[in-house]
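The following blocks contain the structures, represented as structure tokens.
One chain, chain A, links the two complexes that follow: it is found with chain B in the first and with chain C in the second.
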Partner chain A sequence: MNNRKSFFLAAPFYLVFLCFFLIPLILTVIVSFWDYNEYSIIPDFIFENYAYIFNNCFDYSKDVCVTFKTYLSTFYFCFLSWLFTLLAGFTIAYFLAFHVKSLGLQITLFLICTIPFWTSNVIRMVSWIPLLGRNGLFNSFLLSTGIIDDPQEWFLYSHFSVVLAFIHLYTLFMIVPIFNSMLRIDKSIIEAAYDAGANGFQILINIIIPLCKPGIVIGSIFVITVVMGDFITIGIMGGQQLASIGKIIQVEMSYLQLPAAAANAVILLIITIFIIWIMTKFIDIRKEL
Partner chain B sequence: MSKKMSKKITRRNMIKSSVAAVGAVAGSGLITGFPAIHAAGTPTLRYLGTAVNMGNEPEKKLFEDTGIKVKYISKTTDDVVKTILTQPNSFDIVDSEYFSMPKLVPSGSLLGMDTKKIKEWGNVVTAFTEGKVAGKTIGDQGTAPKKVLYLKGAKSKEFSKDPTQYVTLIPTVYNADTLGIRPDLIKRPISTWAELLNPEFKGKASILNIPSIGIMDAAMVVEAMGEYKYPDKGNMTKKEIDLTMKIFTEAKKAGQFRAFWSDFNESVNLMASGEVVIQSMWSPAITAVRSQGIPCVYQPLKEGYRAWAAGFALPSTAKGRQADIAYEYINWFLSGWMGAYLNRQGYYSAVLTTAEKNMKSYEWDYWMKGKPASQDILSPTGKKLASKGEIRDGGSYEDRMGSVACWNATMDENKYMVRKWNEMIAS
Partner chain C sequence: MINKKGKSFYFCWFFFITFVIFLYGPTFTIVLLSFQGPEGGLTFPMNGFSFHWFEKLWEGGGYVDIGSAFRRSILLGIILMILTVILSVSAGMAFRKKFFGSNFLFFLTISSLIVPSIILSLGVALEFRLIDETIKFIGNKYNIDWIINDFQTTLNMFSSGLGAQLTWTLPFGLLIMFAIFNRFDKSFEEASRDLGATPWQTFKFIVLPIIAPSVVGIALFGFTLSYDELARSSQVMGATNTLPLELKGLTTTVTTPVIYALGTLTTGISFLVIFIAIGSFFIIKRKKIK
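Presenting the complex of A and B:
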């Protein structure tokens, strides 16, 4: 009886999940096996779309194939953005949770962190361009102080600018879940550790980090899934010269090569799910919530 | 008291007072909230297209002249095509490019346009109908409009080589595109497409990241460098695509390009900020850079221009009153005011005879004849585009359109080309 009741309570969510997630996903998988021409997609069952993605990928005499190269570059962005958003996010959350004593100030500072989100992410990205450009503020400052003799070009339209933008955009996604985990830590545990003679560093390593693991994993999932599928940030900050899977999918979609785009999307999905699966091996999120 | 009242409210009285009330409301203009009543009087068009022909002034002028209200649906070139194919009922009229026709016509999603309903059809420039400018045949590599203009019948899915009554698109606007440069930063004359890959501009060049247009610019560069002479740039073989992409991939790896752009505004920012000094560019983008007070030239090059052209079509579901309104709109569009509006932005109108009547003679001399401006040249919004004495980049209509080398194109190997382009971006 109880079971049935909870089923009905959950039913609306199941329905939404079915209509807006499962069915589209199944359609994407089906279409990825279809054929296509300039203006229509043709029901079929072919592996050509997948075969093309891995074309030349297992021929070791040649260079790394486009698909592997693109994924390697995406992984690289993913790793760096994850690392830096984690370091920044953890530090900020730690400061908010343990060094700011009054609740009012905590909330105020937390809200300040969200201010960048009042504008769209494209505007947040574009605002870097006058700062980092060849004739931008950074370069003019460094030139005027004599630190550099020529304008530095790697500030903008480079790996550096892409990672910088990712950190700027997504650190909040780390702060929120980690901050949440930290607030749940019972202060008396930390006091007990002090009493037992632990120093601040030992408390951080042995108490706070282990207890923040769920927050860290949730934040990491946010950042990694967003970065894996991103093409706008890499496009704008990388000057559209850096590859991303999202950009390939977008170009294919705009030329109505929907089955090819679907095949790419399916592979991207599998890889992203695999990464998340590995992360959940480290921590059982369900149990920790 | 209530008893007395209820007796007085007879059915007749009731109707009388209701009518009076409705009349009062209608009279005082309160009824505007009912679109059903309103729409029956005001013809409305849902107009799908790129932003080129859309603007507040044309919208106002159209309503003044014809009483037609237009609702703009603005999308990128590729998305316009996608919308025609996937949502043919979401618009009443579409403004598309000729190079999309090889994709759209076989799908049957557009209606053949009846030229007999177009008043100015006889005055459409010969660049469309015959591929000639001032009697001289111009370059027709790529999807030149004359190749995809005529249809075999109203509902035909095939192109006709000979003129017929039915056409794919009623031409509206077109232009000849070339490279944009920053003369103040380059400080020497530029005369060939090959300069785009000149190592002198390493890290300061850009090309657009829209494969179907970018490949044409790339082909102009490859040919100008003397690497290869294409039989038809607009319809490359797989080998030719490989060759073109190889040259550009090597240049990209060597750091030739500062960035690629896919949005009009990006090209403006790249140029205005000085990040890029030479790049493929569109005419209104040059205007936008100049109106910031930054020198920018739409450089004519000896190999010629890459041209594009757009026109109006109706969805295949169009009929009755809605179709009549659309034709009325097209006739208005070609009747002169709009042509002048387009010419003043550096584009060309498909019917020049009517546009001329709507322009001052000094404007016509500057934009069309290539003569020095006898007074300051203003944009339709009143911004200064050129000072007295200046000459339009590339000169007269005959000089510019007469030197067209190729047109934006859809190739037979389009699928392969898009893949190769993606590979270059990823390299």
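Presenting the complex of A and C:
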């Protein structure tokens, strides 16, 4: 198979990503400089959309502006979701890679972790309602054991339920790449360390974690980017009360303020690329597949 | 250390089991609650056991037209599955050699996986909006009747919706193909070529049977990711809605266990597809060993 044949084989795939990925992104950047009114968008080259986003943001005598507040709240969700998915994902991957000896059992347990990923995210969120609600299972359980005296309101439609849903939905994004990295670790290295007198904790810190770095970075990129742009989980689990950048974009779109939404999208994109760029400083992604 | 069944071993087992309960517990809860009696509410206790809410759902429950959203989602899922398999397998074959722009295409594919979905959805919506404007402009300029009178929008489930979902399913398909070909023994192909087989014969009789189990995996990703896709689809479906979009709307308006019945039903379909896929994966694999 020569070069040209390969190109034609990949051409339909190429076409999809040009038409539905590259061109839309370029158009988003272009339209972010356009003008608009209630019913149409007008080709132009103005910076008003950006100026509006950062309105009052650099006036330090006033309170923190809406945009910065929203980003801070999004970063907060990112950090918590990242931390907990990393801890949980690493532990699960470690268990699957080093404690499960038979290949059959390994595959079965891995599939058990993966299956929910193929089911509906909305339903997985909705299914927390009977557990976390005011009359939910957790509240009745805690009431009956006497740990709390009144039903707790903060279980559902709160920061807590949002982070919980992120962990529930996206821990798999950590498990898969970290597990993949762990499977590549040469077992003889660990045995050598063990023979040299290292204990389990030392092996974990000095061998396993450094060798899992690529998996950890890839998993982190997935979780952070998905949380950065989220508007669905924060919407449903936050009871439509919490702000996020994704939500701002979505609301602006529903009012047909497309250039404003595009400007917000461009800023979100720049920040996301910046985060990924910092993280990929640590590894070469292509080598890890 | 790892061979000994120490504290770490028991802790990890305990953690894993807790995690599995955490993963499946909530879904199990709503499956249970969807069989609530007619008097039952959104939470425990169960007020009897009935199919009341499924009947309600069947009648339409007084809400949006769930049935047609269902059919649309399944149809779109099947189309996505077929396209994802064909495009990923052919691109996967292509990527075994370097070709013009192969690095760039790889870069695009990975970027598509990690770009926030709302940005992509916005971009595709903008693209089709601009196409609409162009068509209307041309229609007005040249007085083309059907454009002036009938043309609404190019934004549609099977145009923009399909494209936006492909940017989500194809990267998974390509990564699976990469994973296969990283462990692929080329000598079979060489042998077939030496025996005079055409490239197509080599693909059909040698390569395809070897990669078949993983192709089932790609199909599984293609269908399920489309069937449940929400973020990328949210702005680009045009006048029609897919099931996940309807569901998202229902979360704020429905206050009866009908929504659990619907959840049970969609999850049931997902599970059915998953088990068919996993089942055929192992059947094909076993045949190969024989």
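As a working rule, the second predicted complex is superposed on the first by the 266 of 289 C-alpha atoms of A that agree within 3 Å, B and C clash if a C-alpha of one lies under 4 Å from a C-alpha of the other, contacts with A are read in each partner's own complex, and residues count from 1 in each chain.
The rule is simple: a residue touches a chain if its C-beta (ideal position, glycine included) is under 8 Å from a C-beta of that chain, and two chains touch if they have at least 3 such contacts.
What you see is a predicted model, and the numbers here were worked out from it, not measured in a lab.
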Chain C versus chain B on the shared chain A, clash or fit after superposition: clash
Chain B versus chain C as contact partner of A:47, first or second or both or neither: neither
Contacts of A:129 with chain B and chain C, given as first, second, both or neither: both
Touched partner set for A:156, first chain B, second chain C, both or neither: first
Partner chain(s) touched by A:116 [first = chain B, second = chain C, both, neither]: second
First (chain B), second (chain C), both or neither touched by A:274: neither
Partner chain(s) touched by A:282 [first = chain B, second = chain C, both, neither]: neither
Which superposed partner A:240 touches (first chain B, second chain C, both, neither): both
Dominant toucher of chain A (residue count), chain B or chain C: C
Touching both chain B and chain C, residues of chain A: 129-130, 133, 135-136, 235, 240
Chain A-facing residues of chain C, complex: 1-2, 6, 8-9, 12-13, 15-16, 19-20, 22-27, 29-30, 33, 41-44, 86-88, 90-91, 93-102, 105-106, 108-120, 122-127, 129-130, 163-164, 166-167, 170, 174-175, 178-179, 182, 199, 220-221, 224-225, 227-228, 230-231, 234-235, 244, 247-248, 251-252, 259-260, 263, 266-267, 270-271, 273-274, 278
Residues of chain A defined as touching chain B within the complex: 38-40, 52, 66, 69-70, 73, 129-130, 133-136, 153, 156-157, 235, 239-241, 243, 247-248, 251-252, 254-257
Touching residues (chain side chain A, partner chain C) in the complex: 1-7, 9-10, 12-14, 16-17, 19-25, 27-28, 31, 41, 88, 91-92, 94-96, 98-99, 109, 111-113, 115-116, 118-131, 133, 135-137, 140, 168, 171, 190, 194, 198-200, 203, 221-222, 225-226, 228-232, 235-236, 240, 246, 249-250, 253, 258, 261-262, 265, 268-269, 272, 276, 285-286, 289
Chain A partner contacts - residues on chain B that touch it in the complex: 76, 78-79, 81-82, 85, 102-104, 106-107, 109, 203, 209, 211-212, 252, 257-262, 269, 273-275, 410, 414-415, 418-419, 421-423, 425-427
